[in-house]
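Next come two complexes built around chain A: one with chain B, the other with chain C.
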Partner chain A sequence: MSKTELMRTSLYVGGTSPARMIQSGFYHADCLVYDLEDAVSTGEKDAARFLVYNAIKYQRPKDKYILIRINGIYSSELDEDLEAAVRAQPDAIRIPKVEYAEEVARIDEKITVIEKEAGLPVGGIQIWCNIESYQGALNARDIAKASPRVVAMALGAEDFTASMAAQRTKSGWEIFYARNLVLMACREAGISAQDAVFSDIKDMDGLQRDLEMTRALGFDGKTCVHPSQIDAVNACFTPTEKEILNAQRVLDALRQAGMNHTGVCTVDGGMVDKPMEIRARTVLAKAKAAGIEVGGIVQ
Partner chain B sequence: MIKNCLGRELPERIGDYVVRPYMGPYDTPAPGKTVVTRRMAGHWIPGESKRKETLRDAILASGLKDGMTISFHHAFREGDQVIAQVLTVIRELGIKNLRFAPSAVVNIRNPSIVDFVRDGTIGRIEASGIRGELGDSVLAGEMENPVILRPHGARPRAIEAGELQIDVAFIGASAADDYGNCTGQIGPNACGSLGYAFVDTYHAGCVIVVTDYLVEYPCVPRSISQQYVDYVVEVDSIGDPSKIGAGAARVTKNPRDLLIAERTANLITASRRFKNGFSFQTGAGAISIATTKYLADCMKERGIKAGFALGGIPAAIIDMYDKGLIRVVECSQSFDAIAAQAIVSRPNVVEIDNADYANAYNKGCFLNREDFGVLGALEVDTDFHVNILTGSSGEMMGGLGGGPDVAGAAEIPIVAIPIIRGRTPSIVKRVRTLCTPGETIAAVVTEAGIALNPNHKNYAELKEDLEKTNLKLVTIEELQQLVEGMTGVPKPIQTTDKVVCIVEYRDGTVIDVIREVSTR
Partner chain C sequence: MELIKSAIAGTMESSDVRIILEPNHGGGIEIHLESVAKATFGDAIEATVRQVLAEFDVKDACITLNDRGALDCTIRARMQCAVCRAAETKYDWGKVDFHV
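Up next is the complex of A and B:
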C-alpha cells in the first residue's frame, strides 16, 4: 500500500514503456497512473497488461501511490485488465468514463472476486472514478458513494466536452459547472476531488492560469500528462509562506483563547470562526505533507 | 602484467610504450627539468612572405616526412574541414605512418579519419577520445599501435615533457593575416576561443595557419601571434558554420535530465562555497546546460555573483555574464555561436590557453582555483570511479575531455548522470574503463538521489551542508543496487589481450587500458 496520503499530482504513464514506467518513480508526482487505456493501442493491450503487472510487482517505486487505469467498463479488455490489475496489487484502480453508480458497484464485485481467488485482503484496492460525460457529471453524487472503495473522483475534460458538444478552451469555462459538480459530490462523500488534466504540455503559462482555477475552486489534486507539469501542480497545492504564517496565527489565536477560556478570538480585527479554523488546519496539513517544517503549532 | 594502485591490470610495455602505472591523483611530482620544445628559432627577412599558395606548398615547405607528428585543434568540432583537406594533401604526397595528434578527434566524414588509417597515412593516434567509425576501427584492432588518450590538461603536459613532440601543427583560424597573426573570433567560420591551439603553436617544429578569411595586416583581434607561425595558407573553406556550434551544446526538455540538473544546482547552492566570488564550470552536456539555468535562477534570487566561470563555454554562461551574475568568463573553448562571438564583444569574456585552464604540471592553472565542476559520465562505479570513454557494448562513446582535470582540481567535482540510459545501467559495481579516479569525485547526482563520496577530501563539509536541506541523500551502493534490480547485470564484453587504447591520467601515468573487443 502507499506510504503517502498526498494526492496532489497523479502522472499518467503509458503501460507499454518500461523505461517510462521506471523513470516515473523518480519524479515528484504523489501518484502514478500506469495506463492500459488511451495510451495503449488496441494491438498492444496484452503486452501492456504484462508490463504493468511486472512493473508493479517487481519495480514498484517507493513512497508513491500506484494506480492502474483500466480500459472502459464496456470494453472487451475489462476482465483481463482487472485480472492483471488486481493481482498486481496497486493502491487503486482508476476506472474511465464512469456514468452510473451501478457500474462502479459491478467493478467492485469483480475486484472482490479476484481478490478472493488470489488470496488477497478484500477491499484492499481502492477505486478512482473518472467522470468524462454529462451523464457522469449529473450522477457524480451517486458515483462518489457507490462503493467504500471509491476514494477519489476526477473530471476528464476532453471527453466531457465532447459529450456536451462544447468547445474545449484553455480558459476552461465549458467545464466550470462540471468541475463544481464533481467537487461538490466529492466533498459530500468525503473523498478526494481531482481536477481535469491540462493537455497542452508546452504551455506552462496556460497551465499556471488553469491551476489558479483548480486552486480557487478547492480541488485536492490534478492529473498530469507529462512530468514537466508535476512541479507546477505540486506548487499549486503547497501553501505559500504567507498562508502558512496566517494559518499559524489563526490556530495560535484559538489556542490562546482556549487557555484564557474566552469563547471567541480575532485575528487582524476579524473573528475566527469554525470554517477559518478548518482552513487553517488544512493549510498546515498540506504544508507538512509537502515537506515543509511547521513548528510551534499544536494541531 | 602489473597493477596500478586502482587494481587495473596493465602490461609493462605496450609496443614501444613503457607503462608508468597510476599511483594517485597527486603522487607524481613535477619532473624538475626544463620544458621540451620543437620550436625553432626563426629569421624572417623583412619583405619575406609567409604566404603559401596551396596546402601542398606549405606541407612541402614544412619538411613533413614519414613517421612525423602532426597536430590540429578541435575548435571547429563537427564542422571541421581543415583536417580532411590537410590529410588528403598529405596522402597525395605519399607521406605515410604519421602520428596524428589533434587536441580531440572530431567526427569528420567524406573522407573520414579511418580512411587515412587504412591507407597508412596515419600510423598512430594521440587524442582525448575517439568515437564513431574511428572508434569501431580501433576497437576492432585495425591499428597496429595503440591510441594514447589524454585528458585536455594532460596534453600540454605531455608536449612540454617531450612525450608528444609535434613536428607540424596545422592551426585552422577563422581569420588570419598574411604574416600569421590569427584568431577564431571573427570571420564567417568563427569558432571563438582557440584555447587548444596555443600549446601547439608554442612548441611545434613548424606552424601552418590555415584560413578562409584573410584579413588586412595586422589581424585584430589576435589570439596567436605571428612570432610562432611559419606559413599561412588560404583555402576555400575551413568549416561548416552550421556544424561548428553543434555536437555539444543543447538545451534539454527531457524531464529526467531537468530533474538531475535541478538537483545538481540545488547541491551547489546548498554548499557553503556558494557565495559571492565563487567559481564554477558546468560544461556543455544537456544536463550541464540545464544546471546552468537553474544555478542562474538561484544566484539571482540570493543576490550572489560568481567570480569566474571556466572551461568550455556555452551561450547559457554568456547569458549569466550579461545579467551581471559572473564577473569573468575564462574561455578555453566556445561551444556555440553566441559564446564564440562573446569574446569579441564582452570585455571580461576572455580566451585562455588550454594549459592555463587545466595543465596540472605548470606553475598553476585556473582549475586549481575552481569551486564547483559539473561533469558528465557514461558510468560511475561504487568506488566513484568514472568511465567517460566506453559504452555498454564496449564501443568508444566519448572523449576524456577535461573531466579528469576538473575532478582532480576543483573543490567540489560533481558527476551528474541518469542511473539508466535506455536499458543500460550507469551506476555499476566496476566501470568498464577507468578514466577519472573515484577519490577525486565529491558527489554523484542522479534522478534517484545524491550520493556523496566518503573518500573525497571535502566529504565532511559537503555532508554537513546537504544534511541541512531536504535533498535526498543515498549511498552509491544503494544506487547501484536499485539500478541492478531494474536492469539486471549486463553480460561482460569479451576482449582479447591486445591493448588498443592507453588511457593516461593527468600526470602521464596509465590509469587504464582498453583492449580489442573479441569477435568470437
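Up next is the complex of A and C:
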C-alpha cells in the first residue's frame, strides 16, 4: 500500500465520476478522498460504491494517501459502505458528522470484523473523523482518542455553522472557537489537525486570507473541494526558505550554547527559549515531510 | 442468478460507460458494444463483461454498452452495479474477488 506521510491537502473527489477520479491522481494533493456521501445522490450510492471499490483496488493512484468518505453513522448505507471500503483497502476511512467517541468505537469494531472476514491485517485501515456540529466540537477530545485508528480530525464548517444557527462568513470568525477546539484535541491526542474547507472555489484571494488563519492557528492540513485550491494550500503548509534558515539558526545557536555550557543563547538579539526551539523543530519537520532537503548547521 | 428487470448503470460522460442490461430468458449472453475504441479494446471490453456475468452466474442477458473510453475497473464497476440492479439483489462483498 503506497502512502505518503504528508497530509497537507486532501481533495474530495465525487465517487460517481470516473473522469474526476482518474484526473485526481495527477494533481498535487497529498490525499485523495473518494466520496460516497455528499457528492453522491441517493439513487447512485450503489454505483459509487462499486466504482470507488474497483478504482482503488485496481487503478490506485501511486504515492497518494487514499481515503474513502463513507455515508453517515446512522445512514442505511453505512454497513454496505464499510464492506466495500474496507475490502478496497484505502489508507483511511473518513467518517462524516461524528459527535460522540462511542460512534467511532462502533465503526472501529465494524472495520475490525470485516478485516478479519477478509483476511486483512487488523488495524491496517486508519480513521479520519469529520467534526461537523457543536456536539462534535464539544466532544472532540474524546473523539480524537476514541480509537488507535484515528489519525486525523477535520472540521466541517458548513454543517457546524448550521448546527450553531450561525452565519457562514469568509472571515470565519463563526468557526474560530471550533477550529481551536478541534486543533487542541488533535494536539492532545497527537493526531493530524485538518482545517475546514473554503467553499468559494472562485475566490482565490479569500482562500489566501483563510489560509493565513489556518496557518497561524497551527493546522497540519486542509481539505480542498476543487483542484484549483491545491497548490495554494500546499504552499501554506510548506515552510519557506527564510523560515527554514531561521529554524536552522535557532537550533544551531542552541547547539552552540550547549557545547559552551552557557545555558542560554540569542539569535538576532532575541533570547532563544523553549517555544522557539519547538517551533524551529516543527518547521524543519514540515520541510522534511514536504520533501525539502534541509542542509547542515548554518554558520 | 436471474435478471428480473432491465437496469442501467453508468453515464455517457468521458471515461465512463453506460450499460443497459436486460433479461434474455433462454437466449444466452448477447453483447452489443458501441465504442470509439472498439477496434483496439472491443475484445477486452467484451471479456470483462463476460467475466463479471460469470462471477454472478448470469447465463441469460442482453447487454448494450456505450463506451466513452472507460478503464477496465470502470467497466467492472458499472457491470456489477447493473447486474445487482437488474437482479434486485445486494452485492455479496464477502465473496472472493477473482479479478486480478
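Note that the second predicted complex is superposed on the first by the 294 of 299 C-alpha atoms of A that agree within 3 Å, B and C clash if a C-alpha of one lies under 4 Å from a C-alpha of the other, contacts with A are read in each partner's own complex, and residues count from 1 in each chain.
Simple rule for what comes next: contacts are C-beta pairs under 8 Å (C-beta built on N, C-alpha and C of every residue); 3 or more make two chains touch, one makes a residue touch a chain.
Note that this is a predicted model, so its numbers are computed, not measured.
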item	value
Partner chain(s) touched by A:Gly43 [first = chain B, second = chain C, both, neither]	neither
A:Gly119 touches, of chain B and chain C: first, second, both or neither?	neither
Which of chain B and chain C A:Gly190 touches, first, second, both or neither	neither
Which superposed partner A:Glu80 touches (first chain B, second chain C, both, neither)	second
Partner touching more residues of chain A, whether chain B or chain C	C
Touched partner set for A:Leu51, first chain B, second chain C, both or neither	second
Partner chain(s) touched by A:Gly270 [first = chain B, second = chain C, both, neither]	neither
Chain B versus chain C as contact partner of A:Gln59, first or second or both or neither	both
Chain B versus chain C as contact partner of A:Ile22, first or second or both or neither	both
Chain C-contacting residues of chain A that also contact chain B	19, 22, 58-59
Residues of chain B defined as touching chain A within the complex	253, 255-256, 258-259, 420, 422-423, 447-448, 470, 485-486
Residues on chain A engaged by chain B in the complex (per definition of touch)	19, 22-23, 26-27, 58-59, 226-228, 291
Residues of chain C defined as touching chain A within the complex	9-11, 13-16, 70-74, 76-78, 80-81, 84-85, 90-91, 93-94, 97, 99
Touching residues (chain side chain A, partner chain C) in the complex	16-19, 22, 46-47, 50-51, 53-55, 57-59, 80, 83-84, 87, 117-118
